[in-house]
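Encoded as structure tokens, the structure appears first; notes follow it.
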Amino acid sequence: MLRIAVIGAGRIGKVHAATVAAHPQAQLVLVCDPIEDAAKALAEPHGARTSADANDAFTSDDVDAVVIGSPTPLHAEHVLAATRAGKAVLCEKPVASSVEAARQLAAELATFEHPPVMVGFQRRYDPSIAKAQRLAAEGRVGRVEQLTIVSRDPAPPSAEYLAQSGGVFKDMVIHDFDEARFFLGDIVSVTSIGQKLDPALASVDDFDGAVTMLKAASGAVAVIKNTRHCATGYDQKVEVFGSEGEVVAENLRATSIQVNDANGSAQQEVYLDFFLERYADAYRDELTAFIDAVNNGTPVTPTVEDGVAALVLAEAAERSARTGTTVEVQL
Amino acid sequence: MLRIAVIGAGRIGKVHAATVAAHPQAQLVLVCDPIEDAAKALAEPHGARTSADANDAFTSDDVDAVVIGSPTPLHAEHVLAATRAGKAVLCEKPVASSVEAARQLAAELATFEHPPVMVGFQRRYDPSIAKAQRLAAEGRVGRVEQLTIVSRDPAPPSAEYLAQSGGVFKDMVIHDFDEARFFLGDIVSVTSIGQKLDPALASVDDFDGAVTMLKAASGAVAVIKNTRHCATGYDQKVEVFGSEGEVVAENLRATSIQVNDANGSAQQEVYLDFFLERYADAYRDELTAFIDAVNNGTPVTPTVEDGVAALVLAEAAERSARTGTTVEVQL
Amino acid sequence: MLRIAVIGAGRIGKVHAATVAAHPQAQLVLVCDPIEDAAKALAEPHGARTSADANDAFTSDDVDAVVIGSPTPLHAEHVLAATRAGKAVLCEKPVASSVEAARQLAAELATFEHPPVMVGFQRRYDPSIAKAQRLAAEGRVGRVEQLTIVSRDPAPPSAEYLAQSGGVFKDMVIHDFDEARFFLGDIVSVTSIGQKLDPALASVDDFDGAVTMLKAASGAVAVIKNTRHCATGYDQKVEVFGSEGEVVAENLRATSIQVNDANGSAQQEVYLDFFLERYADAYRDELTAFIDAVNNGTPVTPTVEDGVAALVLAEAAERSARTGTTVEVQL
Amino acid sequence: MLRIAVIGAGRIGKVHAATVAAHPQAQLVLVCDPIEDAAKALAEPHGARTSADANDAFTSDDVDAVVIGSPTPLHAEHVLAATRAGKAVLCEKPVASSVEAARQLAAELATFEHPPVMVGFQRRYDPSIAKAQRLAAEGRVGRVEQLTIVSRDPAPPSAEYLAQSGGVFKDMVIHDFDEARFFLGDIVSVTSIGQKLDPALASVDDFDGAVTMLKAASGAVAVIKNTRHCATGYDQKVEVFGSEGEVVAENLRATSIQVNDANGSAQQEVYLDFFLERYADAYRDELTAFIDAVNNGTPVTPTVEDGVAALVLAEAAERSARTGTTVEVQL
């Protein structure tokens, strides 16, 4: 049993605490959050203790590993403190607030021996996305030529959330950047068109829609389509087109019900909504891989370097969308 | 060019006249119907002449073949008259009003040399159904074990039509009986449950729904599900289950449009509706096969014997539904 | 926490032990099986104890409820012993080996006050099937007219299993009989055609395929299609056709992957296979309903009477298939 | 009956000749092509005459309208000659070899009264695409925000064809540019990444793949994904995403056959292949609209101006792909 502390009792912390508690090889021992009521709500049903101070996670002897779901500006600091204390780390995305901070984190981690550090791009562990990637990697569709990622949230977060989110590219599209790299490897240029779609978000200085093209070193091109709203729910789809065919990971729904009536034929379920439901299996399999890495020394993926790369793409996309030019990237 | 007369300007005559007129190897020369206005409506747009007397079709020298769409009680008489006049015949189902009359027709046809006589079970020529049968016959699903035919009309015909229809089994299910034989060959027993579903048809002495099981000589079992109404349109589907898999011919729709919205995901088109649209390609390919038989001597299918067999099953099903027993059949 | 003993460590016992252990409101305390190694394999990972004697489940003070997964001939005896000891019971299907034994059990249970007894027809709790039933019950498809249940096992069980299974109708189709009653209520007649499909099972005195028609008191008709093998996996589908439309609960698959290539477009996953995977959510929700019944006195469904009714249909179907006649049933 | 001459007996001329001949309101009277055997092959089955000289189409009194399918460099000249002779014109895309030539044509046409001139972007008349556009225009998906057009040929044309094609953007993607304008109206900028995918085409100075982003004046963004090859056939799909939902026009197939077997479930038909089959209904409905415009004065769509606009986008995309920059366009 890997004894795990979760730092942060917000919406992503909730996901991780539940995933840890339900995992047969993990035990939730501690939840840290300055708002202790939030920490208690996650910890008590599973017999875990709480603390208002994240440092308790690093100093407690009964903690083997730390899942970091604190606010983004604290990620790098928490990763360093945990690894210095000899704890394995699973850190939520983005691994730092900026490329600069992420690169500095990577550089510092390179200076000492430490347990595994994994970055929480859970989609790499989604059974459908993972299978699509495996099929593509095995050559099932020949030479991979064009990749399309659809990534739409069911509804925008609150204005407060948006104000501190770091912008749509670092907050939301970053998952898609990692996913593009998961399928295509190195990216050499980014062109993004940002959109202001929702009149209710007109005053927020951020885009709530974006279409982005990535050119890969391989010659393949990726398209990412994002919106902060989607009437049909949490739209998460990927299409990998190659010289011999195409693999598509379609959206998931809660039931297989279809209704045929005078209006036609319908799957009358929206897409699984929201990331907790949609990626429940992904979070579980991500945790399994993390536990394997800690226990058995299997390689960690995605790494801090993957986290840096996704941030590089996010900052490049932001620049492209703001300036209307294509931005070349070097990883 | 095969010069063709169509007898009967009712709804099925309309289908045949249009099919003949549009066929590159056929020419519509005559439409016969006692209601000459109806005949004219079909004939004139294509430059064909009309007659109130079906005999004109048999005696005209410029007629090579006759498509018989007259009322069922006249079918046998018209087939005989046409073949005696040396005309090839494509006769609508059922080939006669009763098994007895159909057997007598077959016996008389056996007494003289005559041009091809084909029976109008057009589904054998529907591209999807024909492909399903071909795949099954080629062994694509292994040993064929269970067959399911769904056959539902979009809405019941008028009370007048129903009164003279000969009953749902001879009028409607007869297509399904032929289709079952198309896939499974000889049938040895019939069990049918008739249903009175539509309150508006309560006073008609006929069923407006039926579920029928057929046992084939091969050991396979067919299920036929019928209703005289269907909210989603003309429901025409067949599933062939075998030891190695299943082939399904799904319903068709007018467009490929799908709408994803807050209610889920829908193909917002009902099934192609009605037989004119759904089986337009089938009628065309049926006519092509008929023309081939006439011009090149290719074998006719389905034959008058197939027409007899379908009637045998229809009468057996009627008996089964009326008595609540299983009826064994001998063809 | 409801403290639960599982009797029987065979394949269904395995399902229940895992479901209980994972349930947030249940605790697995005891697994009983004469083969104690089998019991240990299920109990030890969850810290539960084992016994070779089922009576330990009835006499232990720390057991609140018993899940009975013993061989069918022991079901009735175990249900009685458990309820007499004041334990709540969730009993696997069939509730007894015969209608006679099941009726006797029901009669004895009626003679004393006892905790809830629930019968394990888990499909009533499958999210898709349950939603289909709810939609139908709410009138979403109007008057329910025709029901189709497809129920195919991926591959036949061993010859030994088949020899003691009680026959395909009591062993396998009994789930479909309960499902038909779940959708249609009382059934008045049964007609079944049994099939001997698999040459490898030729010597077993049992059918390995069946097509069954049920007539409901409401006038609706159900068709059940069964085979002991299915190339595409565990085929579990239900279609509810009514005057205003149709609800279908389609098969489920492990991923949403679709591949488009030179052969067409494919969902390259077989159906979720086998009942453990397919009905994992159903077993969980069944257990939740059972716990609710025990803790809060909510009504139990399905009841022992439902278990009797399913057995009545199973015996009637067996008779029908053996004699070739329609069998009327009275519940 | 509109009496029509077809100029050009190549592959697109073949489509038009067949469409005209089969249309109930049109008559094919003349096919012009310098290779008279090619012209005869199209004309004779329909009783039309032939000429090696396109001028015969303009000077013949029995020609009401001309369908221009000559090589692109001749389009503008033929349109002018035909309209000056008082013939209505349906001209294949692109309407001229360059924006400059197209603008000059438009300017000359503006100097005199002439019968309708329609440009052959037949997709506007495809039943599925037309319905998607109508639904979007009616507000079915709210504010239109993101459009995706997938347009892939089943296999590249010959090297000779490619050499004189004018480049993939004018030859192939031009249909997609018109389609984007059909859905989104005015376009303000174009960013395109050209791809060299097929090793066999390495020596051709043209792209055989492209991903293009268009920014519309409305704020919506379109993505166009092109390849000169597609294993699954002629991939023609459009997705219109809006604030209230999404409309998708899916690919079409020849039959509705689905096969379920040990590999999963497949529609074992590739997409309808090639434009003749896929757009047969579109060519027919395009011709109907053209005939309506000639006979009844209904407005022509798409116009020569639409033809100019598509060329502007094609040249901008070529520039963008060659230079790696975003190109702003003014129509």
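Going in written order, the chains are labelled A, B, C and D, and every chain counts its residues from 1.
Keep in mind that, in the parts below, contacts are C-beta pairs under 8 Å (C-beta built on N, C-alpha and C of every residue); 3 or more make two chains touch, one makes a residue touch a chain.
Note that this is a predicted model, so its numbers are computed, not measured.
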item	value
Shared chain contacts [chain B and chain C, defined touch]	A, D
A-B or A-C, whichever has more C-beta pairs in contact	A-C
Centroid-based (C-alpha) most distant chain relative to chain A	B
Approximate Å spacing (C-alpha centroids) for the pair chain A, chain C	40
Inter-centroid spacing, chain B versus chain A (mean Cα positions, whole Å)	58
Residue list for chain C, restricted to those that touch at least two other chains	141, 231-232, 244-246, 260-262
Partner chain D, residues of chain C touching it in the complex	231-232, 253, 260-270
Chain C-touching residues of chain A, taken from the complex the two chains share	22, 24, 45, 127-128, 131-132, 135, 140-141, 244-252, 254-262
Partner chain C, residues of chain B touching it in the complex	141-143, 145-146, 148, 189, 191, 193, 195-198, 209, 211, 213, 215, 219, 221, 223, 225, 227, 229, 231-232, 241, 243-246, 324-326
